[in-house]
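Below you will find the structure I want to go over with you.
Which chain is which? They are A, B, C and D, in the order written, and residues in each are numbered from 1.
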Amino acid sequence: MSDTAPFSTDEMMTVAAARELTDGKVCFVGIGLPSTAANLARRLHAPDLVLIYESGAIGAKPRTLPLSIGDGELADTADSVVSVPEIFNYWLQGGRIDLGMLGAAQVDRHANLNTTVIGPYEQPKVRLPGAGGAPEIAGSCGEVIIVLRQSTRTFVDRLDFVTTVGFGDGPGHRERLGLRGRGPSLVVTDLGLLRPDPVTCELTLTEVHPGVGVDEVVQRTGWPLAVSPQLRTTAPPTHEELAWLRRLEAERGTRA
Amino acid sequence: MAELLDLGRAIAELVHDGDCVALEGFTHLIPFAAAHEIIRQRRRDLTLVRLTPDLIYDQMIGMGCASKLVFSWGGNPGVGSLHRLRDAVEHDWPAPLEVDEHSHAGLTNRYVAGAARIPFAVLRAYVGTGLEEVSSTIATITCPFTGERLTAVPAINPDVGIIHAQQADRRGNVQLWGLIGVQKEVVLASARSLVTVEEVVDELTLRPGGVVLPSWAVSAVALVPGGCHPSYAAGYSERDNGFYTAWEPISRDRAAFSSWMDQHVLAAGR
Amino acid sequence: MAELLDLGRAIAELVHDGDCVALEGFTHLIPFAAAHEIIRQRRRDLTLVRLTPDLIYDQMIGMGCASKLVFSWGGNPGVGSLHRLRDAVEHDWPAPLEVDEHSHAGLTNRYVAGAARIPFAVLRAYVGTGLEEVSSTIATITCPFTGERLTAVPAINPDVGIIHAQQADRRGNVQLWGLIGVQKEVVLASARSLVTVEEVVDELTLRPGGVVLPSWAVSAVALVPGGCHPSYAAGYSERDNGFYTAWEPISRDRAAFSSWMDQHVLAAGR
Amino acid sequence: MSDTAPFSTDEMMTVAAARELTDGKVCFVGIGLPSTAANLARRLHAPDLVLIYESGAIGAKPRTLPLSIGDGELADTADSVVSVPEIFNYWLQGGRIDLGMLGAAQVDRHANLNTTVIGPYEQPKVRLPGAGGAPEIAGSCGEVIIVLRQSTRTFVDRLDFVTTVGFGDGPGHRERLGLRGRGPSLVVTDLGLLRPDPVTCELTLTEVHPGVGVDEVVQRTGWPLAVSPQLRTTAPPTHEELAWLRRLEAERGTRA
């Protein structure tokens, strides 16, 4: 890492997610890290990435990072603004979105997600925000990228609640449920990248971020983590990636 | 024809204890002033419906207006939790809160069916999730032509739908523009409706992206400039992002919350 | 991304014998030029879908392009019959024409379900009518929540959807305004789509009432000024009502029809 | 009729229909006589009549009579222009229309309508235009006015095809079918006005137009026609009604 500047784990996560967003893809973007990653990709290698926000903005090209999913900047710069019913029925359910990005409070080995409750549903220890767009984003987008910090609290053997289906109980389950998208293709964490095994659908560590040991990742996973025999190290953020990311963050919420 | 009323009278006439009420607006055009008036008039036992409860329902729940919440995402966007919502669900404070929980796609389609006056909507949703198991408002339906199994959700027809818009004319025709959310659906799904507006103009001029609700499809219009703060009205105001951040410590503490509401909402009615 | 093609190439690439094709436009923006190109390219065995067959399908049916028609109102608006449509149904000329017949509400919802990629739509329609009896695309469905019986119609997903619009930009984004009909639904319901436009502009400026279709949701755009005559494009042309009246005697007679088509449509391709 | 100008049967029909359109009502308007009657009513006693055209124009205020249901004049003068799906789902099915007007090729004694075929469906003698918006207009509007010329060809004992349900086979049938509007309230013909009997739902002659005999109406009806014991004569068109109607007709299709 001699020729790279110091970077934070959040920066590594954002850059790793952005790299997956190839030019021309149509992305369903939530606020926070997904929106930052998508807009970073637009500045770098994917100028024609199409950003769709569930608030109704299609083809938004925000000049600065929005602070909420409903910022005026998104409507002002969109190719088209439509109603929320239209976004969900014609565009998401219509199968027109290549890629969605989701966060979660918990993920399991088959990339199912919980954003509903910690503890029992009827008497929750923590009431989480709930489903939002996630179940149908995971059902209908061509693929889904999941982003969350890795710990035994978040990478759990058994979800407290299944809000969103990744691969369900494993191979063939999505097909049996009639889910149309291919499901999660990547999980980005502060420690590395995990991808579903093509046969078992189980999340497998394929990359560790620079300076992270495999043992640490295994310890911070609530199930016996599969590790790819071809485990690689994530390329650290380049100077250009970091410069654009920091500029975007610094200008967040300002009007261009 | 929509009556032009002042906000206090509009809420008094339209919203009753025990009503099912939807105040909508997706980040943009959230009708906070109408919610505050409902709080001041001490409505009780409301069923509150909204995709994103946001600060507006955090306040109404914390002030004891609601006995039930129908929703799909309950957070402070970009900030964190809705502490009053959590306190009601986790600790029954100030009262127990029944929850009917959906995804955005599902709840949106419940409004669509409500506006179209059919008893249910069909969509691809929820299959394999825990939501199917805990909800009595999610069912399976089979296509009579293909045999394919899909999901049905029941229509929502609130007693009152409340939205905020940029403009009305003197006859009560309403125009909104920018992110338009589910506002048309909520007004059309509801038995009664109220639109608070930034401005009353002599004549509406259709804007690019403008959605017009004719006066005869709305019950009442109330002039409330700034009535969506800390949300925003495109062309009139900017979102007060600082308020959303400031709400976190206020709402985290019961006493701080009550004191803030007393000072900033209840006092405004005295 | 939509390709900018000339009309001949667009039809050659997108429309094949045996396809299900919907050319839409409700009085306004009817894509006549595209229909004429399909006629010139001698496509056969098409299933034609359209709320109002209008003169555009009278011509295609009379020229033998269609083996099936899915429709809801087949007349010459304000003038009288569609004689070529009638001749096909009543006398199998120039070929038998199978009919799948709906109401506007039903066929519209078939497009809506198609655009939303669900296999059927639910509405209040057809009960007690003969349409229920003669159609295999009308079924009863029971609400899983209320037990109420409603009507289901299957989605339509044409192989090709064709519309006319006012503008495209050089990247293939499309804007239409004025009466917008079911044009968005047809494009989104179809596997492939073609938009003929009055004008290609450097950049689209959103109009009041404007509907934008992003380039990546459209297969091809063809510049065809006047391509909706004798229909009209708001802001570009007026409806040629005289043509609709003149069509009555032309279409009433097989020979007069064939001669007119030869002279005004087929000759244009020579 | 000494103080009235001569008038045609079409003029009488249009004026009689217009008189039923009371101010403030929301009307679903088809092209031709219904559109003429609605715009005549707007010029006379109903300036706030709301005109909705199935092409998507809500609150159209055409300055001259439109020639088609999709004239630009309708969009240009409307309070709101919406998509055709929205017109049918949110506005018509939504139960927001007070009154619809329909024509037909055949009507029966229970005000059911045929606009589909003359002769058998599979081998029709005459293929008519079909349903259009009629079945759902008759199902969902608060009330429906039917306008057609009266003869034994049009007033038939048995429809060749039931395109649109009026009162079905009689009392209670609409309710059993789940139709939400009250059904046909009036049939306007060139000979007089017929209204459904409140008990039997059978069309009953309640007014004859000036100069028309009851015998003529009975002879031109394909079933034994019920005649109201309180039969009245329609008031002839007033000078004002005729003047406005003729001005509207003369200016039809011209741009204001």
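List of remarks:
Note that a residue touches a chain if its C-beta (ideal position, glycine included) is under 8 Å from a C-beta of that chain, and two chains touch if they have at least 3 such contacts.
For clarity, every value in this text was computed on a predicted model and none was experimentally measured.
The distance from the centre of chain C to the centre of chain D, each centre being the mean of the chain's C-alpha atoms, comes to 28 Å. Our note on geometry: chain B versus chain D, Cα centroid distance of 40 Å, whole angstroms.
The distance from the centre of chain A to the centre of chain D, with each centre set as the mean of the Cα atoms, comes to 57 Å. Residue positions of chain B with contacts to 2 or more other chains are 116-118, 123-124, 148, 184-185, 209. Residue positions 89, 93 of chain A are each in touch with at least two other chains.
Taken pairwise by the contact criterion, the protein chains fit none of the simple patterns, being neither a path, a ring, a star nor fully connected.
By the definition given earlier, chain contacts exist for A-B, A-C, B-C, B-D, C-D. Of all residues in chain C, those touching chain B in their complex are 116-124, 137, 139-141, 143-146, 148, 150, 152, 154, 205-210. Every residue of chain D that touches chain C in the complex is listed here, in rising order: 31-32, 54-57, 67-72, 74-76, 81-85, 88-89, 92-93, 116, 121, 124-127, 129-136, 139-140, 161-165, 168, 173, 177-180, 253.
By the touch rule above, chain D contacts chain B in their complex via residues 24, 26, 50, 58-59, 79-80, 89-90, 93-96, 180. Of all residues in chain B, those touching chain A in their complex are 26-28, 51-52, 71-75, 77-78, 81-82, 85-86, 89-90, 101-105, 108-109, 111-112, 123-131, 134, 148-149, 178-182, 184-185, 209, 232, 234, 238-239, 241, 244.
The residues of chain B lying in touch with chain D in their complex are 1, 115-118, 173, 184-185, 188, 211-214, 216-217.
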